[in-house]
Structure formats: C-alpha cells, structure tokens
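Look at the two complexes coming up: subunit A is in both, with subunit B in one and subunit C in the other.
Then we have the complex of A and B:
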C-alpha cells in the first residue's frame, strides 16, 4: 500500500509540474482563437466560439513572415556555429591536459555569469562603429558568445562520460585525433550535443533584448515583431497570441527532431 | 632472435616512480605473463609497450626496431582491454573492421579478414549486433577478434578475464591458450591471478612495486622461487612460512630450531649449509600440497583449527607454536578441530630463505 500511495504522490507531483509548464501554452493558443472580447472577459471564458481572424491578420502581415525567416536564419546559424566551435573545444577540455585549462574553463562559464543587459550598451556601440548594426551577422555573433559556453559546458560533461579506453583502443587501431573525435566522440556525445543545440536554438529564437537594441527595420526577429504590436492605445492580444503560436512552432519542431538523439545509455556495451 | 626487448624501462607519474627499471626480452611466438599484486605496475608496463603511456626512461624495441617513442598505431601491436573497450555505436563487424578501415585496406580484404576472425572465435552469428546486445563472454570474443584481424606483431592482454564469472573465465583461458597455439603469435598478458599465469605462460615475469622479482617458466617459479614473495605468490593455497633459527650448520647438514618442529628441531640435508652459522635466522617454506598426514618421519607437530572439505581434497588450517600452517590433503581425513597432527614432508620439498627473504640455494 505504501508503494502505491508514494506512486500516487509522484504522479500528482508530475501532473502539477506539467500543468504549470503547459498552461501558458494553452492560454496562448486558446487566446489566439478568441475574439478580443473573449480574451478580456472576466471571469475568463473557457468555452468560446473559435475564430481564425487573428491568424488571418498575422498571415496578411508580411512583417511576421520576414521576422520568422530572420529568426530562423539567425538561430540556425548561431546553433550550427556554436556546436561546430563548441564541441571540439569541449573535447579538448574533457580529454587533454594543457596549461591554462582551468582558467579557460572558468572563462567559458563566466561568460554566462554576466547579466546580458550590462553589455547591451557597449555591444551597441561596437556594432555602430563597425557598421554591423541591423545585420544578421551582429546578432549571430552576439548570440554565439552567449551560446558557446552552454555548448562547451554540456558537451565537456558528456565527453567526459565516454570511457577513455575507447579513445585508446581507437589510437591503437590507427585513428588520428580528428578521426577519434569524429568517429567516437561525436556519435557517442550526440545526446549532449543535441541538448546543447536545443538550448542554443531556443535562446537565439527567444532573445529579445539584443534583438531590440541591435536591429532596426531590416533584420527584425520574431519576438521583436510580436512585441511591436503592443503600440499606441490598443493591445491586439489575439494577434499577439497568434503570432506567438506561429513563433513557437518552428522551435518545437526543431526540438522534437533533435530530441531523438537524446537517448540515455548510448555507451552501454562499451565496457564490462 | 629477441622479438620484444625492454631495457631498464622506467615510468614516473610526477614525483611517484611506478616502474623502477624493468628489463626483459621475449622471443617470437612466446607467451609472456606479467603477474603481481595490484599496484605493482604490470598494467602500466603493458600500456607502455602499447605506446599508450610515455616512457620516462630506458628503451624498448619490437622486432629489432626501436619503438620507445613510436606512435601506438605504428608499433603494430594490438590490445585487449580489461573493459573490452568496444565501440558501442558500431556493430560487431564494424568494431572489428575499424582498424582495417583506418589502414585503408580494400573492402574485400576487410570483409575476408573479419569473417576469418569471426570464424576462429565462433562469433559469426553476432556480426550484425551491437555490443550492448552481447553477453560478457561474447564481448570478450569480439575484443579479441578486433585484435586478431589486424594481424599484429604482438598481442597485449590487460586482465582480459577479470570481468567474467568463474566458469567463463576458465573457458576463455583455454580458448586464449588455443589461440596462441594456432596463431603462433607473441603475446604479453597481464593478470593478478597466478592460476592464469601458471596455465597460460611460457614465461612469467613476477612484478612487485615496479621491479621485477623473478622471470622464469611456471615450473621454475614454482620449484625455485627467488624469494619469499615469489614463493608466496605462485602456488595455491599459499606457501607456508616458518621463521626458524639455525642451530647447527656443518658440511651438508642443517639443524633448525622452532617450537613447531617435532622435538623442537628440524634436521635436513642441505648442500649450502656452509654459508650459514648457528644463530642465523632463516625462513622455511612449505607448500600446503607437499605436507602429508601419514609420514613415517613427521617433522611438524600441529593443532587443527578448522578443516574445509573441497570434495576430492581437504584443506586443513592448523597452528604450530603460533605459526599458521595450511595443508592440502587428498580425501576426507576424519579430523575435528583441536586434533593434534603430526605432519611430514619430503626433504626435497623444503624451501629455505635467508633473513632478507632471498632463496638459499644448495
């Protein structure tokens, strides 16, 4: 009996967590199908006649598509670069001893300790002077500095969990350092790489502060456009929520695709 | 001609000296076993032969070529790891083919070599499986298969059987012996298990604390241990040691004193007696399997503490004047704890060591 009651408690706890994290999504999606009156109704209406008006407005607004395109380009490029540069760095940190290793490691982590807004003004001035303002490149570079530490951090841990014997077996088999990285560490580190890629993508996709500060008209990202609807005296909640729903879709799809690499026990069978 | 030559090989990890100058050589086709207690440096030594550990001093050559600072892959050695170290994301076939692919062999050649190795090790039905779908014994075979396909100059084994259960261990031990006979390959094998060492080796290198204690055939080590350490390490159950005092040493005869001896004395013929003088301390080594209960001239008077029935044989734990003595006797003698035993031994089977533990030779 004790077992089943503890299981019940466990299930209850899980349900709470799931409701807590999914309710905002439900609210956003539900609101995107409501009229402005239904949205502002108090007490809230749970049953309503759904409307597609909000989506019609969003899809007729060319800004939204352009912004989603910008966001896709920037988030993909950032994620690709972060993994491309971060994974080899993580391999080095996980497996080699070299001078300054501890300092380098701390430097990577310390990049995450700084509150982003502290750097907003200096980065803006830098972008202004280098003529990078309102380009894709400036956001890719800025996001890269924030994402690289996450990739390095997660992947280093992941690579450390790969038995060193595998690397030595591969060395004896005649594999060079790069081949070992490519054929042993990348496939076996896939879960960590996938997680860090998702983090990196979501971060770049959601980022609002730097996107607001560093872009004007050309390179507005999706969150910037969504918030730009909040102007004047009117808050078109339905349109904002519909835009939000459209924005969340790509990142959800990306996470679902990548998450199939997030399997545990990939190194099972390697040893013992 | 010497095939594998180690010359005063040393290894330091920082301040700590792990291998303190090891020299030995192996002939082509020889099966050499490094044996010793944990921490004796045997695995480190093996990994140095493989090139996985840097050498801090000394020189090493394989087939006449100096390989002291050579890359692991260029030494043409292969290694079976204690952990097997199979690539978990590759099939059995790909695990075995990996080294050949690295060597850029043609696909047909890779296939035929892998299939041949799989046939020898009887793992043909497993070729498409991933390591996680294999049992411990099967993984072991794949690990061995991976080293066979490369046709190396030397096979290195790092405690390959220690993860297997007792039955499988015996079975794989026999298979490794067969493999050695069939391939005629040079093998260096590390173990802490003296039974594996005795049964597999052409020659055994006994290591302790980073130094060689003795090198010899299994029989030499058993019959003529260089010191008390080797005497105690080789043979199971362990050799019994009794610290005695020389009472009389003249010509070819020695009389030793210890309260466990019948009458307090042990008299034995010993050609090297001239090197000893009355009052010297010596250690008498007696193997449990050499002691007998029904001797005409018993030498030890012991009292039984406990007996273990092994089925066909019985192991007796006894004490004689404070010294623990183990006996291994055939059958099941009807004895009970507290019984007084008078135990004999053939004088040829008595080992003598000096105060420093070094063997006294006739």
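Then we have the complex of A and C:
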C-alpha cells in the first residue's frame, strides 16, 4: 500500500493530536504504577516493572475511601436536585413567554462565568454562623449555583425540539400543564435530561475551591484529599498519582459518553 | 440557539409558568442572590475574623479604597491579563490546526480516535491537572526537563523560578483548553455548506484562500465565544494554579482568584476580600453582558 505524502502528513498530525491529548494523562497513570524509586529516578524512566502497591495503599486508606464516598454523595445529590428543580424551569422557558425571561437567562449565563471565590466568601461566613460548615449540605447547595444553570440550559434546548403539536393535542384531550409536562416532556426530553445530569455530576465531582474552603475534617471531597497529600517533605508520588487516577477515571468515562455535547455544555449553547 | 419557530403556548393561565419556575428561582435566590448581598454588606464592614478585637463596624467605602490602592490587587489583575494573552493565541492557533486536521477527508479511524481523545483533557479534574503538572515540571525528576535535555536545551527549575512557574501553568492550561478551541472550530467548519466548500475547492487549490474566504465567516462566532468565555475562565482560574504554585514563587502566578482566596482564607480579612470579590463580580457581569449581546442576539 502506498501513501501519498499529504496523507502521511495528515496521519502524522492526527497522531500528534492523540499524543498531545493523552500524554499527561498517560504520565499520571504510568506513575501510579511506579515504585517511589522509579518515580524519583533522574532522568525519568519510561520502562519499568509495574507495581500495584500504590493502589493497595489508596484502597486501604480510609481517608481516600471516605473522600471518594463524600464526593459521590455530594455530586449525586446536587445533580438530583438540579434536575428536579431545573427540568420544570426549563419547560417554562421553552414553552412560555413571560416578563423577566431575558433577565433569567442573563442570570444563568453570569453564573457560568462567575469565579467561585465571589460566593465562597459569603457562603463561608453564612455557613460559619449557621453551623453548616463542614457538612454535605452546604456543598450540595452551593454546587447548585453552577449545576442548575447547566441543567436549565440543556433541558430548555431539548424541550424546544419537542413538536408543540403533541402538546396541543394533549390539551384538546383535556390534559393540564402538569400532566403534559410529566407525560410528554419528561419522557421525550429524557436524553437531554441525562446529558445535563452527567455534566452536572462532572462539574461537581471536579470542583476544588468551594470544597477546600467550606469543609474541614468530615466532608473533605476527593480533590481536596488528593491535594492535601502534596505537603510534607517526601511526597508519596505514587499514591498521589494513584489517587488522581481514581478521581479522574470515572468522570473521563462520563465525559466520553457526552462527548458530542461537550461544546454546547461548555458554551451554554452559544455555538452549535 | 434552538429553533425559535415553536409557537409559545396559547390559552394557558397566566400563572402556569410561575409554578414551574418558582422552585428553581427560589433556590437561586437563596443560594446565589442572598450570599451575594451578604458579600456586598460585608464589603462595607471591617471584617477580619482573625482579629475579632477590631470589631465589625461599618466603614463605608474604606475597603474599596484600600483595594483600589492596593498594588498587589492590581498586579494580580495584571498577571491574570498577561496569562490570558499568553495562552489564548496559542490555544486558538493550535485549536484551529487540530480542527482543520479533523475536518479534512480521509483517515476515518484515526480522526475518530483523535476526536474522542480531545475530551480527556477537558474532563480531567482541574486539581489533578495541577498534580500532574507538579510531577511533569519537577526540577529533578520531571519529564519536561528530560525532554529539554534530550533536545539539548538543558533543563531548569520550572516551579522554583518566576518565569518557569508562569510558563508551566500556561502549558498545563494550554493542554487542558486547546481541545475546547478545537471542538468549537470543528463545529464551525462543519457548518460550511458542502456545496459551497466543493465549489470553492474547484475554484482554488489554495488552502489559505479557502480558509480565509469560505471557512472564516463560519468560524467567527465560535472565536468570539472563545475570546469572551476564556476571559471569564481565566478570571476564575484557581484549582490548577493553587495546586501547582499557590501563586508563587513570589507573585509570579498570583492570579486574581488566587489572591482573593489568600486575603479571605489565609489572612482572614473577609471585608477586604469581599470588596475585591464584588469588583470581580462587576467585571464578570460586564463580560456576561458582552457575551449575551454578541452571541444571543436572536433571543433578545
């Protein structure tokens, strides 16, 4: 088989893209299978005898285990709440005209752009006063500030694509708005709802700033614990990289599932 | 935007949308507006919780005055701006190159694989990106220095030197967000109607002319979105930089979110930090307005 030089260049370029995207990720996973000696080798070794010791350490560390549990609980709960609150709101935005609609949109977009530090300061003080500091609840609520807009946006888009005739027909049969929402929009909009839920889970799972500021001992999330290993004299690199891998792997799989929607999710649909 | 042709409902009662919206709006008021107002009030008070003896009096615009004359605050905004203009051109150019590679016909399997792997950097937990950066850019056993040594440039102390640290966080940001640019541009390229692209290819063999006169108009909305979104992203960039450098060495990587976090949660001067946060919020609102005005024209 002969390849023209242009085809060869194309293949080479694409290979570079793949190496570029995966290299840091690969380097982390490789380090998670290295012994401390192999990691500290200078220059770094590319071929090594893999060890499972780091993962043994991670899975027997109750701190990591607890943190992953916390992350799982918080991300699931905030996602469920975001869908529960966001889907009905999305229906209203998709099918009704009312005053203040543009303002609501503006609010959602601003939230996508706002630095978490802006809310972290007052929420910290409020949580301090109400005793909510270091509870699951405070993170579940504060994560809604970015999850709710994502869910509302994606679901609005999805609901708009449902033919209005279906709704008109149902209304002629005497169905009220709530029945229409439940029987038509929820089932037909399910794919969009699922995508928005996955996004909401990924963002919550990945979040560090709020978790760092609003938690202490009890509800540290996985990124907080992974970061906390980064102090002290001799860093346990293998364990850190194994923890990193454990954190990143599940959300990477989720992200691959919604990869077709990635751009729309991240731009709030400004580009299609 | 989604199609706007769908007719709004007729014959519904006036309050129907209210019941669907109320739970979401009430929640947003509670978790968004109320804390923001609280921050606004705090920004007018002396509020250092590490020094409760000083009291929590209202001091008018004193916090704002001290923020606006605080050279470190301005320096952190300057560093943030410098970071933006350092990473964005590279992300845009690399992203465009990748998008063109993915748009080109042929190499189906390799293209599909490349398209999928682009999602990996985007999904990687930002804090973990920082952890990976610490390993890659380690002075003694980092792979970055190994590569530099191999090509004969010689390694250096990335995270220990101001320029090195700034470059290192820039490289990690470029790694994470170039795929985002690539995917946006790819979406733009696929909007070019097939007939037009075919016709243009018959007219010219110059790829540059094709890009400039046929494809560019379809890329511009995406580029505008990128310029605005990335500016907001850089203003809120915290996780990766916090893990990699904590803003150091010195103030080399002291981005604005890092600085405000330090004033609020290391020095515990929440009054000053709140004033800084409110100023950042105003900046963000301006950026959002711009985004909506330019990209959601058809909604308004």
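Everything below uses one rule, namely that the second predicted complex is superposed on the first by the 219 of 272 C-alpha atoms of A that agree within 3 Å, B and C clash if a C-alpha of one lies under 4 Å from a C-alpha of the other, contacts with A are read in each partner's own complex, and residues count from 1 in each chain.
To be clear about the criterion, contacts are C-beta pairs under 8 Å (C-beta built on N, C-alpha and C of every residue); 3 or more make two chains touch, one makes a residue touch a chain.
Here the structure is a predicted model, which means the values were calculated and not measured.
Using the contact criterion defined above for the overlaid structures, shared-chain residue A:171 touches subunit B and also reaches subunit C. In the superposition on chain A, A:8 contacts neither subunit B nor subunit C. In the superposed pair of complexes, A:179 makes contact with subunit B only, with no contact to subunit C.
When the two structures are aligned on the shared chain, A:91 is found in touch with subunit C, with no touch to subunit B. With both complexes placed on chain A, subunit A has more residues touched by C than by the other of subunit B and subunit C.
Shared-chain residue A:187: touches subunit B; no touch with subunit C. Residues 171, 266-267, 269-272 of subunit A contact both subunit B in one complex and subunit C in the other. Looking at the complex, you find that subunit B touches subunit A at residues 50-52, 72-73, 77-79, 81, 83-89, 98-99, 102-103, 130-134, 136, 139, 146, 150, 163. On subunit A, the positions that touch subunit C within their shared complex are 7, 10-11, 13-15, 17-18, 20-22, 24-25, 27-28, 31, 39-44, 84-86, 88-89, 91-98, 102, 104-107, 109-126, 141-142, 144-145, 148, 152, 156-157, 160-161, 164, 167, 171, 177, 181, 202, 205-209, 212-213, 223, 226-227, 230, 237, 240-241, 244, 247-248, 251-252, 254-256, 259, 262-263, 266-267, 269-272. Within the complex, the subunit A residues that touch subunit B are 163, 165-166, 168-175, 179, 183-184, 187-188, 265-272.
Residues of subunit C touching subunit A in their complex: 1-3, 6-9, 11-12, 16-18, 20-21, 23-25, 27-28, 30-32, 35-36, 38-39, 42, 97-98, 101-102, 104, 106-107, 110-111, 113-136, 140-143, 145-146, 149, 172, 175, 178-180, 183-184, 187-188, 191, 221-222, 225, 229, 232, 235-236, 238-239, 242-243, 256-257, 260-261, 264-265, 270, 273-274, 277-278, 280-281, 284-285, 287-289, 291-292, 295-296, 299-300.
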